[in-house]
Amino acid sequence: MTMDITFNVGGAAGQGIDKIGDLLTQIFVKAGFYTFTIKDFESRIRGGYNFTQIRVSDIPVYASNDEIDVIVALTRAAIVGKRDQLVENGVIIFDDSIDFTELEQCHLPLPLEKTAKEVGGDTRMTNSAALGAVLSVLKYPFEMASEALEAIFQKKGEKVIQPNIKVARAIYDIARDHFQGECSHDLSTLRGGPSEDKLVLSGNRAIAFGALAANVKWISSYPMSPSTSAFQDIVSVAHTLRIGAFQTEDELASLTMAIGASFAGARSMVTTSGGGFSLMVEGLGLAAMTETPVVIYNAQRPGPATGLPTRTEQSDLLFMAHASQGEFPRILLAPKDPLEGFNITVRAFDLAEKFQVPVMILGDQYFADSVMNIPRIDVTGIKIDRGKLAPRGSDREYKRFQLTEDGISPRAFPGDVGKIVVAAGNTHREDGHISEDPNVRNEMVEKFMKKTPQILDALNPPTLEGPPDAETTLLTWGTVWGPVFEAVNILAADGVSINQLHFSDVFPLKTERLMAIFAQAKRVISIEQNATSQFARLVRMETGLNVDKMINKYDGRPMTAGWVITRLKEVGVQ
Amino acid sequence: MTMDITFNVGGAAGQGIDKIGDLLTQIFVKAGFYTFTIKDFESRIRGGYNFTQIRVSDIPVYASNDEIDVIVALTRAAIVGKRDQLVENGVIIFDDSIDFTELEQCHLPLPLEKTAKEVGGDTRMTNSAALGAVLSVLKYPFEMASEALEAIFQKKGEKVIQPNIKVARAIYDIARDHFQGECSHDLSTLRGGPSEDKLVLSGNRAIAFGALAANVKWISSYPMSPSTSAFQDIVSVAHTLRIGAFQTEDELASLTMAIGASFAGARSMVTTSGGGFSLMVEGLGLAAMTETPVVIYNAQRPGPATGLPTRTEQSDLLFMAHASQGEFPRILLAPKDPLEGFNITVRAFDLAEKFQVPVMILGDQYFADSVMNIPRIDVTGIKIDRGKLAPRGSDREYKRFQLTEDGISPRAFPGDVGKIVVAAGNTHREDGHISEDPNVRNEMVEKFMKKTPQILDALNPPTLEGPPDAETTLLTWGTVWGPVFEAVNILAADGVSINQLHFSDVFPLKTERLMAIFAQAKRVISIEQNATSQFARLVRMETGLNVDKMINKYDGRPMTAGWVITRLKEVGVQ
Amino acid sequence: MITLKDLTAPQKVTWCSGCGNFGILSSLKKALVSLEIPHHEILLVSGIGCSGKLPHYINVNSIHTLHGRAIPVATGAHLVNQDLKVIVHAGDGDMLGEGLGHMLHAARRNVNIAVFVHNNGVMGLTKGQYSPLSPRGYISVTSPPPPGVPMEPVSYLAMAIASGATFVARAFSGKTKHLVEIMSKAIQHKGFAIVDILQPCVTWNRQLTWDYYNDKVYLIEDEYEPSDKIAAIEKVMESNERIPLGVFFQAEKPDLASGLSIPIDGKLKDHQTSLSRLQDIIDRFVLE
Amino acid sequence: MITLKDLTAPQKVTWCSGCGNFGILSSLKKALVSLEIPHHEILLVSGIGCSGKLPHYINVNSIHTLHGRAIPVATGAHLVNQDLKVIVHAGDGDMLGEGLGHMLHAARRNVNIAVFVHNNGVMGLTKGQYSPLSPRGYISVTSPPPPGVPMEPVSYLAMAIASGATFVARAFSGKTKHLVEIMSKAIQHKGFAIVDILQPCVTWNRQLTWDYYNDKVYLIEDEYEPSDKIAAIEKVMESNERIPLGVFFQAEKPDLASGLSIPIDGKLKDHQTSLSRLQDIIDRFVLE
């Protein structure tokens, strides 16, 4: 790796820090670099202290970094909040109107807003000013930046492009002249990076695209951070693509409406976070009992109750694995990054229809709001599998819950000519009519239970990074994959015998590979973004196997490789 | 055991079979016997086929039996439904108006209704007629019965007593003259049994009494089988005892209303079944986050969704152990019988207030509706422990969530003079005001986690029946205790090396004793009223220990010792 | 297109004899026959209660859902296949306790479904507790005297009108000819139709009996104009000395479906998202 | 008994500057001071939303609950300690989406609490989605054009009146003197009091702005008599060219507490069940 720069853009909610971050990301992605961006914000609409942190590298990056090279601060708090993490020769750029007297060499007050106004004629161009300043301290060739800005603002027309470029240029020059310190990065000879990954995608948007590619035709949701943008992304294209996308009165309605839609034949989903999922629990049981496929996306956040609405945690795993009274098959998938988020969502719909069970996708705020550039996704060839459908045409004997060898009954939909489709949340006969007969009950329970082994066959095994016979195995699931993967690579490069066993398909749990790796490892360490090591507990529940150490983070902030390594060293891994 | 008689009284809903059952129970309890009664009924109000089955013995009985000595059938279905289970020399008594031609020796058609009308003047006395018939075939001394009837009807006055006794006597005589067969039981020399247990109690009523004894002052519930009668039992005495007992619009309101009541200082509870509990899940998290004690009684039934509303299952364990987003301490208790149901409920309130956590009691339909006679409960000396309370008087610095050594903060209530009590479902500071500070978050998560080891100390260990070093250990929890206990005794008497390790305090799981017993047993067999062996899975989750065999029943009907023994023989225990 | 025979009950009815639900079932059958809808285009959605069992006693497409959630399930099914005539049956406990919010939201959205509320003033299936329509003072196992039910019943028809329902009516299980007529109108109505069906529960409700209703019900005057909201609210809130039957309010308004991005022709359920359009959308985020 | 100083915010306010919530907070403080209630006898119960944060900006007893569930929590607290003045603050999303059923049931029960609805016509804290009070056609991230919000807003004041609320009013965050007065009346009212408080959300709602309201609000005519339900419903459903402020409906009725078995003297929370009476009850089931 020859280049690895981290920018932290901080300020108050509503000041446009996301916009600056986006511009930075776009410029570097266009220039051929890998980027990874996280968002850190409070549960408020204006004010406070938020930041977006962008990491740029010439090799793929999968997590954020602890060290910051450049801070762009739009408020005083944004300087103070992050300066401890500034690297030697790091730079702090801020508007010179901010009342900040403790000037050090790394501090670079600049007339951002003033220049935006004077040169661009609009304080909203402070974004471009900040961008110009950042690029200047990096000695980033301005021609490259202006080309990128042209492309970025292209849709808005010349009237927007030129003033923005002018503002950026003006600050670029001022900064060059005024910057006293020395930045660790000198990009003056930069001509472009190696990355071909040009699709800029957040986890939530990946979920939305996956659902659209899987032909979701119904989504009913109720806003809840950090899931909301996935729903909004679908709403925003609903008109173009003809999707029924509807904001309901609550989550009880969201899921039950989606069940109605799916029962009547449309691929359906809901998006929510833990609190909303809590309200869906009874509906989950209805989906299960009526064998109505549905996809539920839960972007987790720290709980219980309202908890920390805009922070991250992996603490709904065991809840979702056992939610709702009674017993029934279900599938839980936890993507590790946006690309997998897309793929998992496409699979989720197929799995839901194939097994006629609810499929739940577990993201979290870290996943939802993180942005990466990934290879372009080509959806044009995507084929979907709607599972077992009853042959068209009249069938007066049609039974929605027909007992079959594999426990899966051919689906038909109300409205299909010549069939009567009956379902019930009560224990029912093959024809969907309710029954209290103990034999019917046994048959129907056994029908459910038959699905699990088949589901297991259809799920993906865990992945292993590193040598299979490493001394230390790190056990991870879902979205902590990135920082742990980076930590493993760093430690391995230092000669540590270590590997990472990672699960994205988390329930029901595929255990063969796990058993094999556990058998070889001298010690297994679980790393989870929660306080009670839920995945390690799930593993023990399914296999009886213990992990030797558990590493947990539960302050609501995402992990970094640095944090992981520090914790590993504390437990003797070096 | 010299006497062990089972009566099955069957008929349509609304025909008064419960009443006949109650009379039988009362007569035998008064006479000094042990009784165990189960109720089997459909989810409908009139018609269909229901039964109540009473077992009477001169030694304590803890479950129902498979063999029936006397069937009292008020409909044709009630003859057909149970005659397979009739013992040799068993008797089927039924009204001679029932159209039933396949008469056998054991069949005893009698003019029950006609006699009620002609002798008693009211067909409602068919109950007493049936009773007279039963007692007659048993050669039960009529004087004893009439004494009992007098006592039972005492409150209703002579006008009710005498005609009922006359009706019973008339049929008693007719039956004696007409009965062709020979009953296995001849009680003609009976003078009374050894039992001193005179309190006749169902599981649900035991919960109600426990709550009342624990000074519950608020209960808000929404009707749901099989929990409803526990709520109704409290409502029925609310006026006398001054209890706030209120039927809400739904379960979302039930639990949150109880949280409001508890937050403001009253011991509070809700009763429900799984579907209602599903709707309480978000509220559960609020109780947890605000550390508001509350007791939740879930009378389980087969799920998912509406399932089998009036049947039994133990299938909400893992759900309740992990319900709600996020992570927090909680307690799950599962009584094995009515007496324990009473005691556990008293403890539940103390535990809830001591640890300021939600406490959940898991019953099920079998437990809820089963009736036993037990020793009189004396509540007059009951002392309750409200846990850590803030000292009275002004304290401007009072903080509801003060960080303490043991993680438990002194409680005060809004309305307490000189204190301000603030709570939030968001992550909050010691003073209850919300915070997103990562350190505050960590402290508050750790405050929660500190409670678990203390809770474990306060819970009861499992009980062991039989020799500790037996070859086979049966692992049970909650309400299947009775039938399994009887099976163990029968097998042990046959020389099988067997014991029963039983948990009533089920979560968090106390593991020391369990590990010791598992270490000694040659094989461990779990027996559960569900399909997925939830308790065995919980044990593996907590200890890594496997059971060797799992026995499951999931048809919604309760176990019997006979059923357990058959299953055990199938897996080689004999 | 449907004959009564087509509708023959798939299983034995389990209601108590004398129950008001029988009149509702038979009226529904007649309404469906008279409306000449294709058999496969009917979908019943029911809640949980004695009322909720109705779909098992008539041979049409159905889904027997959860307590209180019939309306959202019905809404979802309707929106993805607007050819379906979606009919909801639920008890007063179900629809007005657990489900009150859903009902009123569906009303303001003017979802094109017909909702039949089995108003028996009790929770039937759970054995006689008071329901949201039990009158003040009503005595039951959960509202013992004094004072019985300590509050007003839910004035839900008034609320439905205020909320935006476009067909609001009342009928009585004892007057099946009128009931058939009202049901037919409700099913045919384009928009949210709700009918309060007086349905004596002979087992539990000793107050709202056949006699009680036979005594009090009357057909709304011919001259009554069901087009004015306030007048309609006034009418439904009339003192309960006499109980008006008929259509209280009727209006034409855009329904929910017309405000969603449903394909112009064909059903949402059969629609296939254009993958090439989706590719265009994704490509907006590709930075070449 | 309370001074403004006693109420000083325990933490910094996080609302956007210019937000209508400021006027509500300051009015609440003034109302509490003016009412001369003992400080410890006030309990605020809030839902989740920008509005739901209010309790953190005023120093009184409070519980910040869940989205939509403030009313049942408040009901429970009130019933076990009737000395408390229980005041609910919640957003329109919270109270009228998720919580609509609870609100209307509390109204018909005439629970003695005061409910203040922060009506900003959007979901503020989740970033500007439409809310149950957004007008038809309102454009937001979840209701893009065409057609914007495809339905009527919830006419909740009319429904509250129909349901049985005994104090129903509207005020405006921009007219704080009037707001203080209405809040005081609502808190003092014995029974279920609900106030629609117009509260511009300056960040998201570009339609229901300060200007919009300043333009349209007017004080209800002096001669208006708030004792007739139908007239009150008519008044609140008035066309929205002009927006009336004031008390629409007020009545006296038994409250819920009076219908429950609460101790005659003292609070339920402090009551001790008589164990000897309980023993008598248990002994009824002892068959000697």
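For clarity, chains are labelled A, B, C and D in written order, and residue numbers in each chain start from 1.
Everything that follows uses one rule, which is that a contact is a pair of C-beta atoms (placed from the backbone, for glycine too) under 8 Å apart; a residue touches a chain by one contact, two chains touch by 3 or more.
Because the structure is a prediction, the values reported are computed rather than measured.
Chemist: Could you find the chain whose CA centre sits the greatest distance from that of chain C?
Modeler: Farthest from chain C by mean C-alpha position: A.
Chemist: Does A-C or A-D have the larger number of C-beta pairs in contact?
Modeler: More contacting C-beta pairs are found at A-C.
Chemist: Per the centroid of Cα atoms for each chain, what is the distance between chain A and chain C, given in Å?
Modeler: Roughly 41 Å, centre to centre.
Chemist: Between chain B and chain C, what's the gap in Å when you average each chain's C-alpha atoms?
Modeler: So the centroids are 37 Å from each other.
Chemist: Approximately how many whole Å separate the CA-defined centres of chain A and chain B?
Modeler: 45
Chemist: Residues of chain D that touch two or more other chains: which are they?
Modeler: 48, 64, 66, 68, 97-98, 100-101, 105, 132, 260
Chemist: Can you list the residues of chain A that touch 2 or more other chains?
Modeler: Each of 42-43, 238-239, 249-250, 252, 275, 282, 286, 290, 305-306, 309, 424-426 in chain A touches at least two other chains.
Chemist: How about chain D: which of its residues touch chain A in the complex?
Modeler: 14-17, 48, 50, 64, 66-68, 97-98, 100, 123-127, 129-130, 132, 141-144, 146, 203-204
Chemist: Can you list the residues on chain A that touch chain D in the complex?
Modeler: Chain A reaches chain D through residues 14, 42-48, 222-225, 228, 231-232, 235-236, 238-239, 247, 249-251, 275, 305-306, 309.
Chemist: Would you tell me which residues of chain A are touching chain B in their complex?
Modeler: Per the stated touch rule, the residues are 42-43, 252, 273-275, 277-279, 281-282, 284-286, 288-290, 300-311, 313, 315-316, 318-319, 321-328, 424-427, 436, 438-439, 441-442, 445, 448-449, 530-532, 534, 537-538, 540-542, 544-546, 554-557.
Chemist: Under the touch definition given earlier, write down the residues of chain B that touch chain D in their complex.
Modeler: By the definition above, chain B touches chain D via 26, 29-30, 151, 198-201, 205, 209, 212-213, 215-218, 220, 237-246, 248-250, 252-254, 256-266, 268, 282-283, 286, 290, 373, 376-382, 413-426, 431-434.
Chemist: Chain B touches which residues of chain D in the complex?
Modeler: 10-11, 38-41, 43, 45, 48, 53, 55-56, 59-66, 68-69, 71-81, 83-84, 101-102, 105, 260-263, 267-279, 281-283, 285-288
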